[in-house]
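Look for chain A in each of the two complexes below; its partner is chain B in the first and chain C in the second.
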Partner chain A sequence: MAARRTRGMTGPDVNRSTVARAASIAEQLRYECSILLELYREKESFTADVLVDGRLVSVAPPSSQLDTRDKLWRLHSALMQCRSLLERAIAREEEELGGGKKGEYETQRKRVKDRLSYLLICTGELLKTAGGAALLTPSLEGLELDGPTALFELKLWVYRIFKEVDYWTITTLEALPSVIAKERVRTSRGRTTRSTRR
Partner chain B sequence: MIIWIVLLSLFCKSTQDEKSQENGFLYCGPQNVTLQHSGWMLLLSWEDQPSCSAVQDVLIYQLVVLRTGQQVHYDEVSVTSDQIESTHYWNWTSSLALECASHSVRLRSQTSPWKEQTIPGKQTSEGPEVFPKDEWFKVGSTVTFCCILPSREAFSTMYLTGYDGAQLKTTSNQTYALTVHLNQVSENSCTNVICKTKTNKENGACVYIGYPPRYRDLRCETRDLESVECQWTVEGGKGRPFKKPKDPQLLGRPCPMPSEGRCSQKVEKVGVGERNWRLTAQNEFGKAELSDTADLSKRVHMFAPNGVKALTVNARSVILQWDWTVQQYNILNMTCQVHMCCGEITIIEHFGVGLNCAVLNGLIPNWTYNVTVRCGTAQYFWKWSDWSKKVLFQTYGDVPEALDVWMQMEGNQIKIIWKMTQAKLSHGLIKGYEVIWRKTTEKQQHHRTNLAFNKQSFSLSLNSTKEYIVTVTARNINGSSTPSTITIPSLNPAGHRVNTSRIIGSNRGFNLSWSASPAASCGYIVDWCPTSGPCTVDWLRVPPNKTNAKVFSKNFTDGQRFSFSVYACTQGAPLLLDKREGYFTEKSIKEGLFKSLKGKQQDSDFEVSWDPIYLKEQTAFIQGYVLYCLDNSNTVINFSTDDPDSTSLRARNLKMGFYNFTMRAQTSVGECGAAFITATLNSPTENLIGAVLILLVTVFGLLSLTTMLCFKHWTCIKQKVYPPIPKPVLTSAGEHGCHLLYMDQCHHSDVDILEVLELVCSEETPINGSVRQENILFVVSQTPKGYSNQPQEKCPPDPLTATTTKLPSLKGLPSSPFGSVFSNPSYNLIMKPGDRQSRSFPELQEGNSFERSIDGYQPQGLTETFHINPTEEDPGSPMSCVFTYVVLPQSLSK
Partner chain C sequence: MPHLSVNPSSKPNCSTVWLISVLLGLLAVHTNANDVLTVPQQVSLSTNMDSQQLSISWLAGVATTFDLMILRTELNETVFYETVSVMVSQLSGRHEWNWTSVEPLQCTSLSIKICSREGQSTSEWSNTEILQGSDLPSEEEWQMFPLDRVVPVGANTTFCCIVKEGKQFGTINYGNKVMNTTRLSRRSYATTVFNQGLSGPSGTNVVCYNSFKEIVIGAVVFVGYPPLPSDFVCETHDLTSAVCLWNERRNTNLYKKTRGTRYTLNNRTFNLSWSRNPQKERRVDHWEGNWTLLVVNLLGQYSLTDSAELSHRVTPVAPENLTFVAHATNATVLWQWKYDGYSSLALFCQVELTSQGYKTNHTFSGVGLRAVVLPDLYPYEDYSVQVRCGAQQNFWKWGSWSETMSFTSSSIVPEAPDMWVWMNKDYTGQVIWKLLTRRQSRGLMTGYEVTLWSPGESLQHTEILPADTFAVPVNLTQMATASSDNMVMATVTAKNTEGVSLPASVLIPLRLTDADPRAVSQAVYTDSGFSLFWQSDVNTTCAYVVEWHNTSCKWNCPVDWIKVAPGNTNVSIESANFQPGVRYNFSLYSISSEAPELLQRWQGYMQELVPSSPVLSLLTTQEDSDILLTWGHIPLVSRRGFLLGYNIYISSGSQLTLLANLSDPGSRSYTVKGLSEGSYKFTVKAYTSAGEDTGATASIMLEPFTDWLILEILASLGVTALFLVIVTFLCYKKRKWVKKAFYPDIPEPKLPGDWSRSQAPLDVKPPHHSLVHMVERPEWDSSKEALVVIPEEDEDEDGQGIGDELVDTDEPTSLRYYNHVVDERPIRPRYPDSSDSSASSLDSARTDVTYTGIQTSGSSFVFQLDPQGSSEGHQPQADPSFCAGGGGGYRPQMQSRVPSDDTGPASPNPFPESQAASGYKPQSSWQMDSPVDDGEGRSRASSLGSPTSIASTQFLLPDGEDDTEEIRQHSSSAATWLTNLLSSTKP
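What follows is the complex of A and B.
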């Protein structure tokens, strides 16, 4: 199966370059997220330890038993949820809280959203490579997108979403090297199997 | 304490009431009391007890509001007899969010016991909660926020973002209140109210702070006579930038473009007299209401004229025409203004009903105009319409306007000058000028010349004793201008002289005023020119009723002197009235003003002199000069003069010594133009000694030079002056019985050289070196050791006089022929050597040595210096001893 998947790829180099690109984008996104969080804290006069608990993104818990495809699936799904939440947060902010002048914060917010979309394209490509085209886009069903109605809670919710994007970006960045490593092992095992059969 | 007493009394009364009811006494009071709340408002409703129907009068209910058990409000509700048995409502708005504390309302009639309803405050279990949330507050209001903590949580802090110094107080164990005067608008988002516990649990609320619509100055009018258009001013304060405000309403209908502060609504009729026009505007912070009372028929603000065009264009007039987009304007009595520009801006007004054309006269020929039109109602003028679109047209050309001609006299030369015709006066392209001149006395005979278009002056050499009339005309394609004439006055040396006075420039020009002249029938002319250097005069004309002028020119520069002349314009020649000169601004004169600065000592005085100062170097009026004398001890003495024409200044009674002299000019801008000179002043004695020393040194030098030259060229000089002379030989003719006598020995001493020449005659021994001349033998004896004609100290000759006078007594001693006069009675020969020898005579007479100071060569000038007395014998012979020999007495005696 692994051999078939490997054959299904355009090649291990392409895969590796996609991972590298994804890692690069994730690195950039992490940096941009940190700036966005700083700008938001500054804008709302939040302290760094403002009460933000619980996760908004729900995915399967991490496990060492998960194979590459499942790991990628988990990351991709989490990032998809992050983007949906971020889009919703932006819309709620515009609607309820903002709509005024566009400043540095708004620019950074859009930058993060765009970067997250690029990262999703990369992780989507990796996932496609790992699991084939049959793997569908993760579902967002059950994701709480409305957020609270009270304005202060809404602000906290927005902040939580930014933190969530930050968290999953870091998680992705940390997970990508191990994905490459596993992929290499699998690829080499596949080759060994083939050579033994011969 | 008082509250407790009140409550206790109420409780006692209530107990009594219940007891009374129990006793069968029917009270009239509330029943079915319900308390609800909405936002900050408490809503109480109740009904009357059935027993109240018996009440004939007004039934009064008392209401008390308690917050956390403390009375915060008291109220009474009167129920008339016809309202009895209906449901009564009462409401009250709390100043504190109802979630912050429990609120109770007690109600009773005058005769009934209290009935109480309570709305409890918010309880929280998870984390702190802040109230009120998501509210809208006007800027300037004071609001109390509360933070409710879960039980067993300790309060840490509470604040509003951007606010300091808010008042915080505890209302109960778990509730904290923060009262804030809201004076800052929420700008980018709502303002956070944060509450924190000591366990770092944080929560908050968000509120908007802003202004209700801040509109003012509502002014309504009509433009099309069919609708009302109102305008208002939107104040610059920040309302609520994060949400679009609700549209304001005019006449109860929403306005489509409220942000522009303008709203228009159709009305049935405008001419219905005065009416109140009302505008309302509302947002979350409040409501604004503005009104304006106006009769729209008196407030017609017309639209701009449409399609303005120049219908008929002439050289000096044009007809403009336009139309109206609103048909009703055609019956409106209106006034219109035409604005013309590009030349002088002119506004011309026209009146009429339904005015749609205007005639413009007095235009400049060959000129481009830009014209716009605006109109307003004539009867009840409200405001002007906007200006119409501009229309451009050009008038036709015409002959040029008459030239402004003036003159400039430069000796016998008269320069006729005229101002270059401005475009608006030329009325077309100038092709040239014509100048005609004649004597005033000769009306028929005139001279004429044509000049090119670019000429601005013409010079004439005229007879200065005659008066001339000069006429100048300009010519363009349409013809010649009206001639401009000027009379050139004759120069009368005995004519009146006008003194020149000074003038100072001010405000970038010169203000001139002069006395009125009855001769000035056509006004005055002021002309001006730089005082020094060549220039073309500039001038301006002043009407007869004015005797002052402000002269401006771009040529006025600081530090340049200008001359002004004021002439009376007469029917004849202009009459010079006044002359001025001055600086636009006097400037400090540069250093080195004094050229050729020289100094001369005169005894203890020192006179400094300089060349006259050119006018062009005077950048300010010179009022005098000052000379500073600085000696070696740094003592400064100064001497000054107030005469600006001075060319010298004397410093008097100076001490002898070295001086630094500084010469400065005094002006109104201070002392300037410094020039420097140094000199050492000496006493007269010192000067004399110096002169003598110099003379001595010069003489010594000259002598030394001469001596050196003589020494160097001795041979040459000797050759020239004292050529070699053959040994003198005294020869004897034999027959004459003359003996040659050798003077080998000095009878005085053993000197080798004997200078004395002896003339002897010897027949026996011919001697070499004899000079024979016409049978005359002149013999000069020489010493045996060589030739010498110099006197020697060692062998001083006897005094010549003695030799001469005592010659007969001498025995064998030759006598010196130099410096001696032979007073020979036979030939009476006089030997006269140079002056030097002559001067020696006294010495010789005293028996001193002969020429003892002279050594070296003495030219043998015997043949030249010997004078033979011509009066004695043979005046034609230079030497009378030719035929006579000196016979020494000694020889004779031998």
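What follows is the complex of A and C.
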């Protein structure tokens, strides 16, 4: 498995550059998420935090036993769920609460969605490098995409989705360096093993 | 239901019994009525949660009045308790009554009970019916009511928050505002928002916080307006369909499908997407003639109608595909119509023509109009056009403007330039013209051509200049000398790609005159510029030219001009170049077939300012006891206005006090009178109509009048002189008495032997060699000596006056002493000469020994020379120290000592080195006291005993003189002078 994954790599440099690009996008997304949350809190007069019961995104729990591909898979899956939720939230918001002229909030919301898509492309590339194209489509089954019907609960749901995007962006940002480190170790071990066998 | 029973078969004789029975019956009826007041039965409740309305129905027979009581079940608080009148519903046969709750009905459980009322009597209460709220223990989660409410602006809404079982309530916020709450039940809290304002597009949140200030539940309320449409009309563009238009006079603030506005036009419902444009429109395929618009939202509805024939509501569409055919002065604009039906439609069409920012409208008419000709265009001009049309019959409104089309008219030869000539005082100058504007150039300019030619001669000079040139310098000196004509014609033509313009010409006279015959008037600037007026000039056949330039400019000035038609006698000159505080010259010229003739001149300021600099060269001069202020002019550029005069100020400290106002701007001086002695500071400020300048300041110290002082001195001297004259005169008259009193005759000495001699003074003529008479002073250094040297050849000259001197010095009590001065220069007397002889002695160029008699009484005198002065090169000095030298007062001659080795006759120097002054003795005691130790000298000294004519120049003072001695010397000198005077007056 490790050998197969190693063969899947196009090279440490390319991998590092992809990770760096992903980290850069995640960093930008984190910044834009914070602005979006601030705008939303201001728009909805949320002076306190929302009492949240559970998470909207469901992925396997983090574990140190997970290898690089599984970690990437977990991150990629979470981000994909975030994007689906975000798209749905935007649609529901427009449908139920939109109207009037568009402002800075709507612009920032679209910016976050687009940035999240870019990040997903990067993590997808990393995942493809790590595990192959067959594993690149995480399932969205079980994801609650409809949201509540009551408008205030819908607003809270949208807010929670924004928070999820923020959370998983930060998680991705924090996880990417360790992915690189492990990948380096793994690559060097693979090379050592091969040279030893020779 | 009690009912009355009447038995019709009762006997009449039993009337009393019957009456009693009736009364009893009535009483029984009344009593039964109280007993049977129906208790409401089968009370049932139904609710409308959105409207918070509670419908209560019950059965209560025929009763119509009831008491209703509504309580909050948990806290048993009365919400409603009133007596109401309720009729039986014909449909249900029940009593029905509706009640609208202030709070949402879900907030808490309500208990309802009813009793019938008849006057003051009431039935028993019905069974209590409970409307269960959402705060039942079975519904343990957080809840809030009402949800997603839409209310009009200004409404009051009550919200309630039901706390989750086991949790603590915190607050309710309406937007950002923390609200006051009331407790409705164990878990339910309510707040009321009064006079609600517009919410945001996504509504206003009503948020319930727990005790940890966490958002736990909330609701959204949308506050907006009912629709308010107006100006509903329907029209047609294509002559078939209808387009109905209306305006939304107010934004409802309610959006989306659930809360937005719905429209119905002639029973066809539709929605419109949100747009900022308040004008809405809806197209209908066919013209229906009558139209009804119904506009509805959750807060209300509004209906509008319109009715019209199609032909009265034609609004043409915008013309399409505009094209043009342009010429120099006109252009044809063509377009197309979108609909064929327009070909038979009588139209008005409006063409808006824009050029250089100015718009003009041209209106045309015709059936199916699709081309118009635009006249009166400027050549080589950029134009843009747009077209719109309206129905000629039953005009409704203009259609939309077409898209703008641009074109440029064709070029032709340019206009003749507007030219003028500026000539300096000599034959130099410049031909100037105004650059043609784009409109005047009428094509792409290529340049200008300037020609100077003499009409009578064949002299011609032509110069071709670029298109951006507007002036060329000329020098007519050569033409003036070579031509016999009196004038030169300057011609300017403009050239563009189409050709050459007509020429513009000005005749320049070659006989220049410096004289400026015209007086200068003052031009006044008004809102319309400088208004100039003049008398009509019959010789002006072509035009007047008004030329102006900055007055301070004298040579090749940047002149501007304007041409005025010959019939006019006034013009207002306005220019963007006019500057405040600058004087301009305006000159009016008459233009005819001859050279321009200067008719009139003006000067004026666009706006007068205060002078920018004060007067130059302010000077103060004391004249007697007055002070004369003088100043120079202010340069023209600094005046910045017409000077009206000067204000003279005197400054005391920092304050200026006006002394005088000189209204003559030509004033250059002012005399300040009546000032006492002291220091003064004066400020002169020139002023224009705009005010004063900053002023020039000068100071002066006024001193006493010196002429009077001089007069006083002269008067004193005159009085003194007069006094002296009188004294002299009196002395002269009484000279005998004076002589007797002051100069008695010296008794003739009585000598043994043959020593008798005449009383006449002895004229002693020294030998040819210099005679040195040494008088020794005992206490002095022997090296110091008094030296008297008289060359022999001078003795004759000196001896002339000696006799006179001797006459005066024969007084025994008044002795005469002489010092001697040796000088190579002619000796000038320091005091009035006492005799002619002394004067002659002074003229000697050789070494002399002279004596000045010093008269005193009964004292010996010292004849002393300054040894220092004598030892330095033997150059006698007319030094006062030398003249006043000597120490210790007079030294009797007998006390002096003369070294014998310095007294030789061969000594060429009359003042031997270190020669000390020796005393001199009056001739009465001369022989006895003379300490001469040299035989030869003694023999000669004996002859010196007689009075000798000696030139007298200075007094001889002893060494170490003090003030007392000096005063005494002076008094002695005065006495000597007086003696000489009296002597000279002897007959």
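By our rule, the second predicted complex is superposed on the first by the 195 of 198 C-alpha atoms of A that agree within 3 Å, B and C clash if a C-alpha of one lies under 4 Å from a C-alpha of the other, contacts with A are read in each partner's own complex, and residues count from 1 in each chain.
Throughout what follows, a residue touches a chain if its C-beta (ideal position, glycine included) is under 8 Å from a C-beta of that chain, and two chains touch if they have at least 3 such contacts.
What you see is a predicted model, and the numbers here were worked out from it, not measured in a lab.
In the overlay built on the shared chain, the residue A:66 is in contact with neither chain B nor chain C.
Residue contacts after overlaying the shared chain place A:97 against chain B and chain C alike.
Within the superposed three-chain model, A:121 lies out of touch with both chain B and chain C [touch as defined at top]. Contacts of A:43 after superposition on the shared chain: both chain B and chain C are touched.
Using the contact criterion defined above for the overlaid structures, shared-chain residue A:150 touches chain B and also reaches chain C. Common to the chain B and chain C contact sets on chain A are residues 43-45, 47, 49-51, 97-101, 150-152, 155.
For chain B in complex with chain A, the touching residues are 127, 130, 133-134, 161-162, 187-190, 192-194, 200-206, 241-244.
Per the touch definition, chain A reaches chain B in the complex via residues 43-45, 47, 49-51, 97-101, 103, 150-152, 154-155. By the touch criterion given at the top, residues 144, 147-148, 173, 175-176, 200-207, 209-210, 213-220, 253-258, 260, 274, 276 of chain C touch chain A in their complex. Chain A meets chain C in the complex at residues 43-51, 93, 95-101, 150-152, 155-156.
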